[in-house]
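My structure is below; once you've seen it, I'll send some questions.
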Amino acid sequence: MNKKELEKLLVDVKNGETGIDEGIKMLSELPYKDLGYATIDNHREIRNGYPEVIYCAGKTVDQVRGIAEYMITRNNNILATRATKEMYEALLEVCPQAKYNELGRVITVQVRPVEETESYIAIVAAGTSDLPVVEEAYETARILGNKVEKVTDVGVAGIHRLMARMDFIRNAKVIVVVAGMEGALASVVGGLVDKPVIAVPTSVGYGASFGGLSALLTMLNSCASGISVVNIDNGFGAAYNASIINKL
Amino acid sequence: MNKKELEKLLVDVKNGETGIDEGIKMLSELPYKDLGYATIDNHREIRNGYPEVIYCAGKTVDQVRGIAEYMITRNNNILATRATKEMYEALLEVCPQAKYNELGRVITVQVRPVEETESYIAIVAAGTSDLPVVEEAYETARILGNKVEKVTDVGVAGIHRLMARMDFIRNAKVIVVVAGMEGALASVVGGLVDKPVIAVPTSVGYGASFGGLSALLTMLNSCASGISVVNIDNGFGAAYNASIINKL
Amino acid sequence: MNKKELEKLLVDVKNGETGIDEGIKMLSELPYKDLGYATIDNHREIRNGYPEVIYCAGKTVDQVRGIAEYMITRNNNILATRATKEMYEALLEVCPQAKYNELGRVITVQVRPVEETESYIAIVAAGTSDLPVVEEAYETARILGNKVEKVTDVGVAGIHRLMARMDFIRNAKVIVVVAGMEGALASVVGGLVDKPVIAVPTSVGYGASFGGLSALLTMLNSCASGISVVNIDNGFGAAYNASIINKL
Amino acid sequence: MNKKELEKLLVDVKNGETGIDEGIKMLSELPYKDLGYATIDNHREIRNGYPEVIYCAGKTVDQVRGIAEYMITRNNNILATRATKEMYEALLEVCPQAKYNELGRVITVQVRPVEETESYIAIVAAGTSDLPVVEEAYETARILGNKVEKVTDVGVAGIHRLMARMDFIRNAKVIVVVAGMEGALASVVGGLVDKPVIAVPTSVGYGASFGGLSALLTMLNSCASGISVVNIDNGFGAAYNASIINKL
Amino acid sequence: MNKKELEKLLVDVKNGETGIDEGIKMLSELPYKDLGYATIDNHREIRNGYPEVIYCAGKTVDQVRGIAEYMITRNNNILATRATKEMYEALLEVCPQAKYNELGRVITVQVRPVEETESYIAIVAAGTSDLPVVEEAYETARILGNKVEKVTDVGVAGIHRLMARMDFIRNAKVIVVVAGMEGALASVVGGLVDKPVIAVPTSVGYGASFGGLSALLTMLNSCASGISVVNIDNGFGAAYNASIINKL
Amino acid sequence: MNKKELEKLLVDVKNGETGIDEGIKMLSELPYKDLGYATIDNHREIRNGYPEVIYCAGKTVDQVRGIAEYMITRNNNILATRATKEMYEALLEVCPQAKYNELGRVITVQVRPVEETESYIAIVAAGTSDLPVVEEAYETARILGNKVEKVTDVGVAGIHRLMARMDFIRNAKVIVVVAGMEGALASVVGGLVDKPVIAVPTSVGYGASFGGLSALLTMLNSCASGISVVNIDNGFGAAYNASIINKL
Amino acid sequence: MNKKELEKLLVDVKNGETGIDEGIKMLSELPYKDLGYATIDNHREIRNGYPEVIYCAGKTVDQVRGIAEYMITRNNNILATRATKEMYEALLEVCPQAKYNELGRVITVQVRPVEETESYIAIVAAGTSDLPVVEEAYETARILGNKVEKVTDVGVAGIHRLMARMDFIRNAKVIVVVAGMEGALASVVGGLVDKPVIAVPTSVGYGASFGGLSALLTMLNSCASGISVVNIDNGFGAAYNASIINKL
Amino acid sequence: MNKKELEKLLVDVKNGETGIDEGIKMLSELPYKDLGYATIDNHREIRNGYPEVIYCAGKTVDQVRGIAEYMITRNNNILATRATKEMYEALLEVCPQAKYNELGRVITVQVRPVEETESYIAIVAAGTSDLPVVEEAYETARILGNKVEKVTDVGVAGIHRLMARMDFIRNAKVIVVVAGMEGALASVVGGLVDKPVIAVPTSVGYGASFGGLSALLTMLNSCASGISVVNIDNGFGAAYNASIINKL
């Protein structure tokens, strides 16, 4: 029930077309639906250029294509994460302008222009094995309308390479740090900047990295103060977060 | 080596008072110290109203008092977290304007005025047992110069209490969500707002809450998109983060 | 906003005392509060004999007494779990009819009669060390108006003692099984009855019981089909659950 | 030894055809077998419409077909969970009326009519990836003779969609909540109803969901009171439980 | 129902004093009770010199004294593990012949002679900090009637001290190995003997020993073939096990 | 250095053919090698009918065949565990009398007769999915010369089936209990017998069984006293252990 | 900025070709880059015979070949760990002198001679399944210029085989111990030598070895004093460490 | 059996005072004891200035004093770790030259001079809360005869403070890095030096530091190559290791 419908209901009550009792019944339940749709509008839909997001893991190729087909009818941009190449090829049939970032396993469909921010998000990554997560974050931030800069292969084992890029990193409005193995990069960057740092642990590593647990714990326990953390390999979430902050 | 000292060194080199070789030696190592101090200035010290922070856990009463005594000579505000009442009483001797938030275990010493932001940080908490973490976050955000509003006892088991406060929460610039036990509050709030949400799991709970692990995992796995997470019970870190964002 | 207030609002709109716009504003937000309170009424309060519940862990003696004092003014029964003896003594001052089950750490205040069910809940426990959880469950189920029977010290290491009591257990409408250490009792009972079994792992044990984790995993993995599980040591939750089922 | 055989034994003793000593020996051991079979009759077999259940995981196609072939001779309904398509095709050869729910990996064979309950079980699920567990629960509840209603895609990140369905959910006699990732749905539903809620954590998620551990802990630690939990992805167990309660 | 009572029942049936129907009812349930008591007799009681065992952890001083007082009336030996000195002193009042092994936290009451085995159990321990568990095992094995030999302070970091004692260890009928920290002693001993080895991990250690988890995992993963494991610090269980084997 | 060589050395010293100093050097190191070989003889080799054991996991088909070829030259029986069918077929080429237990993944080669014990080992298993571990244990115990009896499908969810077989189980000299999921069978059996019980947790299960961890913890925490535990799925180890005890 | 460039800058400042302000700007940032490159030279590159290292896990065949092609232009030796045979074959095309250790999954390319140390590193391993890690360590230590000796199949279950090799092990300058399952070998070796011992836990094992966690904890908790530990299966890291020590 | 006794035995054999058979028997067992003692001499005792080490945790004051009293009679230096002040005071009675490092909980007794190395061990620590571990390492390294330098409060959150000290750290022969919380310091230092780095995780932290687990995993997963790790808070082990390397 949007504002218009709510107005109509009250007018009907005033005019006696809807009885008091009936009005009570409708109002005590319906507002959830209305506000619900309204919230979905604000959050998940895209009057303002936000893409519709499909999390493809655990979905079939047919399901992904079906969801995308419906979305296209609403003339919105689409972001599909954790997408296989097969999904991309299925999407191409219904949506020729779809693009695929193979490393980041991300499909983007841009049917409406996105206004780019002036300030930029810096995505800083430790090693080349972290690139899939970097690319997921990059594509997410891009289609959400952000200027994005990548600074990669600056792991803490070669701290000077990082130092050489710090000025550039410091000038970002918000920083996403992507690192696996011991994940120490977040602490070092966090200690050198006064900007919000969103840390993404990756599952890169072996043995006692326990699928990213090591990097996750490192980042949660960081002695640097401006760091918050998202789930392991969650490049999408970090970029979504960074985008909200970048647009404040 | 600050800018002044660096300038002096170059002048000395130009004048021949310092030889080329000697200059090389000094410059190839010293800048670390200088930039180091400069970084500390920007990050940890407080020309701009930032307090000096003492993390009291694992320190003795004497150590805490000693550090504070030194800080007072620099005429800075002080924030001491995880502080016992005994530490507070020791501080009072050297620093009569110290105040103690017993619930939040936080000592604050404000010797210089702090300019308050216009936008506010909302601290939203699930239950009354989460209040110590709320208070730590509150005091941190306050002395960092933020307007802060607390919305407490709105756990998801009584979702309507939360709903009734959502407009107020939505108007904050950044939201800190504090919850223990199952920690579901972060997901619900995250789904209703389009502002950055910093989630703080607390160690409130028993049995399979495993000292806050349950709430931590809940928050990391949130299906709502704009959420990032800090360490268990880390009210300070959440507020520090929120303050950076609130001042962007 | 309860039904009466909602009715008044609609009447006011009809009469023109409240404008359409104002009505829209009130209705789009207030219903949460009203339904919220209504939900709390239905769920947590006690027109129908439900007690008000105070979870005392992490609360001070003063807080517990304060909450109880307020509750007493509403003329409701009270159930306070995880309560210390000190809390009980503080309650006695403001509420002389309070009773304390020391083993179960439960305070009950019965100011209104509770109608007892005809069907009974059986609380079956493995060992004497599980009795505190048994007592918490017992007091909870009692003040919620259930007939309750305890069958204790029937751990699986002496299966025949259990067998001798099975007829009695089978005649319950719902069964709560309380066990620590390896927690196998739930599976054995679950295999012998066709009633809902709510299993409560306890933290009784040492070494590789890891604070109740062993019993918890046992119960979750039970090969018997009618078993569901609550948190470690959560006698309250099991009894609350059992009470809902017992009253269906 | 069924009742008939027991009667015959006592008659034989009375008549002297079986000596006292021999009777002692037979009775001190045999009853286990008899009561054992009797228990299996009551619990696992199906005079009253219960299906025979085959848990197919870890069984070969031949084993599953063999067990089913035997069951069919007893003219009972069959429920086979965690079944592959290959198993279904093998069953079809010996049992043409078998049906396969591919999403739920469930085979059902209904040879005898099942009387449907009037009250219904509501299966409420957070996301589309949870559907396999929903379908396992659905088929289980159906063949056990329950009316079942599914309410899907109502995750807490879009709380209003859930709110719009709450009346329908509240009218169920028992509610099964299926959710992965952070699993917060159980707490929210549990706070809005006064019916037994059986929560099923799913292994949906990645990274720090640790194969469903995150959702499991969330549900065990729920601050809502009427919730109990079954094993990760255990749609069968939840529905079996719900069926027992629905038929009370 | 013991044999006598069973005989009486059959006689009554034969004589017509008990009807067939009534006999069926009694027999289909009562045997559990009878065999149950009989099993308890065989297992937990002590016609054959077995002590009655009290596990004192989680019991009050009064409970322990109460149980012991009852036991004494049955003229049996008593073994109380995890007993505090306070419990011992309380026991002394009702049972002057009680003895206390302070290191092992074990009370023994020997009122009837115990026949000692000829073969011996060797208890082999790594370090002096493992002695409490050694003593618990020692007292248990002793009162169960075993000859026992202790070989202590032979940790693998000084392998030659162990080697020097191997002949003695090899001559035992069964070997209990007690070790904390890395728990490697079990593997080394297991590789040098052809006797059953029962390994007891202890909670001795710090940091990554995680309360005995390290030693537990070591022992479970031993590459030596004749080793089985009991719970962390479970000296009683190891000795009970060893006693059963020693008496085969 | 075997006894002969040792004798020769001493004779040489006596005769002066080996100098005192040289003797010291040889003796202070060489005995390790000699006793080492001797121990291997006693433990791992098979003068007394013990098979040579090959743990095939992590070995290539060629490695397994190579080791077996060598062993055959020593005219010993062979037991190869965790063996694939491909390994078996490769072995057949060099060793036509090899037999393969496909369910248990065990190859046995019996070239010398094994004397069978009179007493028997009972292998008791909960469900049909546990059979691979049962078979590994069975083949191991058989080729080690034990009489073995299997009692399967007696899980605790149908306790009466177990009860009906208890007399048979009680008459074994040592009992191996194999169970996955919640692993409660070990406790129930342990409470009913006075024989050594070796419990084998299996990885059968899903979700919160965590690959056998649940059953492992259950067995370690058993409240029954005569139980010891081996590694998850370690049928070989349990049978090896049982064999040592069975032959005492 | 290397020394030459730094000298040029200071000369320019002295000559006035570079202004004081400009010099400050360059110096306050550039040194990071220069020292950075210099550090990389010292650490990762190979003026002194160190190979360039490629960690192949998570890289594509094309990426590995691309990196190697670039490295070859710098005329350095190459060490590629965790390399597949496919990667090796791709490398062969651009680098015919490449060699592949299939067991250790290591590619080495030696284009420049490496001077071998006189002292040797002993790599001591428990079982044949640990050989892949042994080989990774061996190839790493070799191309780093170390004399290396392997002592394999000396697990603690057959302690005498180890004893027979101890003199040889003791004479190494540094010892790498490789062991899976219970990992006890490190403690035994550590107790017998006075040389640095670097312990490598391997993922060899099953069940409660939890992918190497068991061996890792064992080694971290070793009661022998001279042991330090690297990540599970990290043969490269152990050998790199050992090489640094061997060349001190 | 030391060399003298061994020589005597061989002389006796030569002279016929000891028969060949008797010699065989003595030699086949006794060498263990002898070599055992010899090994202890080399490893744990101190002809060469090594102290005797007492690990006090889990020992009583009396036990510690007793062990020390015995050691003093052998005229050796003593190192007692994890010692309480009460233990120190007890030691003072029997050993007036004892000294106590309260922060490090270490007692040292130096009765014989220790020759100091020329090269030094650098102990580098992240924060002030890590100092107890630093002091344990410091005292250990000192009494083992090493020159030691401490570099403290150089955590990665303020990387420039560390950079300013790097030259000093690089000149050490071996480096001990002590850090809690996220433990990232080890990776950063490891990337900047070409010396062996021994990393000590500490239990400093809260919440998701899980008693030092976070720092431990960080260090094990370090992407820097020359790092090995000891147990959490094991300052003694790190220093012992460093001492062996420093003296190579």
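Order as written gives the chain letters A, B, C, D, E, F, G and H; numbering starts at 1 within each chain.
Operating definition for what follows: a contact is a pair of C-beta atoms (placed from the backbone, for glycine too) under 8 Å apart; a residue touches a chain by one contact, two chains touch by 3 or more.
Which protein is which chain? UniProt says A, B, C, D, E, F, G, H = PurE domain-containing protein.
Predicted model, so just to flag it, every value in this text is computed and none were measured.
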Common touching chains of chain G and chain B: A, H
Pair joined by more contacting C-beta pairs (C-F or A-C): C-F
Distance-maximising chain from chain H - centres being C-alpha averages: D
Centre-of-Cα separation between chain E and chain B, whole angstrom: 54
Euclidean distance of C-alpha centroids - chain A vs chain D, Å: 38
Averaged-CA centre spacing for the pair chain G and chain C, given as whole angstrom: 59
Chain C residues counted as touching two or more neighbouring chains: 35, 39, 43, 158-159, 191-192, 207-209, 213, 216, 220-221, 225, 231-232
Which chain pairs touch, all of them: A-B, A-C, A-D, A-G, A-H, B-C, B-D, B-G, B-H, C-D, C-E, C-F, D-E, D-F, E-F, E-G, E-H, F-G, F-H, G-H
Residue ranges of chain H in contact with chain B within the complex: 128-129, 158-161, 163-164, 166-167, 204, 206-209
Contacting residues of chain A [partner chain D, same complex]: 29, 32-33, 35-40, 43-44, 55, 57-59, 63, 201, 203, 211-213, 216, 231-234
Residues of chain A defined as touching chain H within the complex: 126-127, 155-159, 181-184, 187-188, 190-192, 205, 207-210, 213-215, 217-225
For the chain G and chain B complex, residues of the former touching the latter: 3, 6-7, 10-11, 13-14, 16, 20, 23-24, 27-28, 31, 35
Footprint of chain G on chain H - complex, ascending: 39, 42-43, 53, 173-174, 191-192, 194-196, 198, 216, 220-221, 225-232, 236-238, 240-241, 244-245, 248
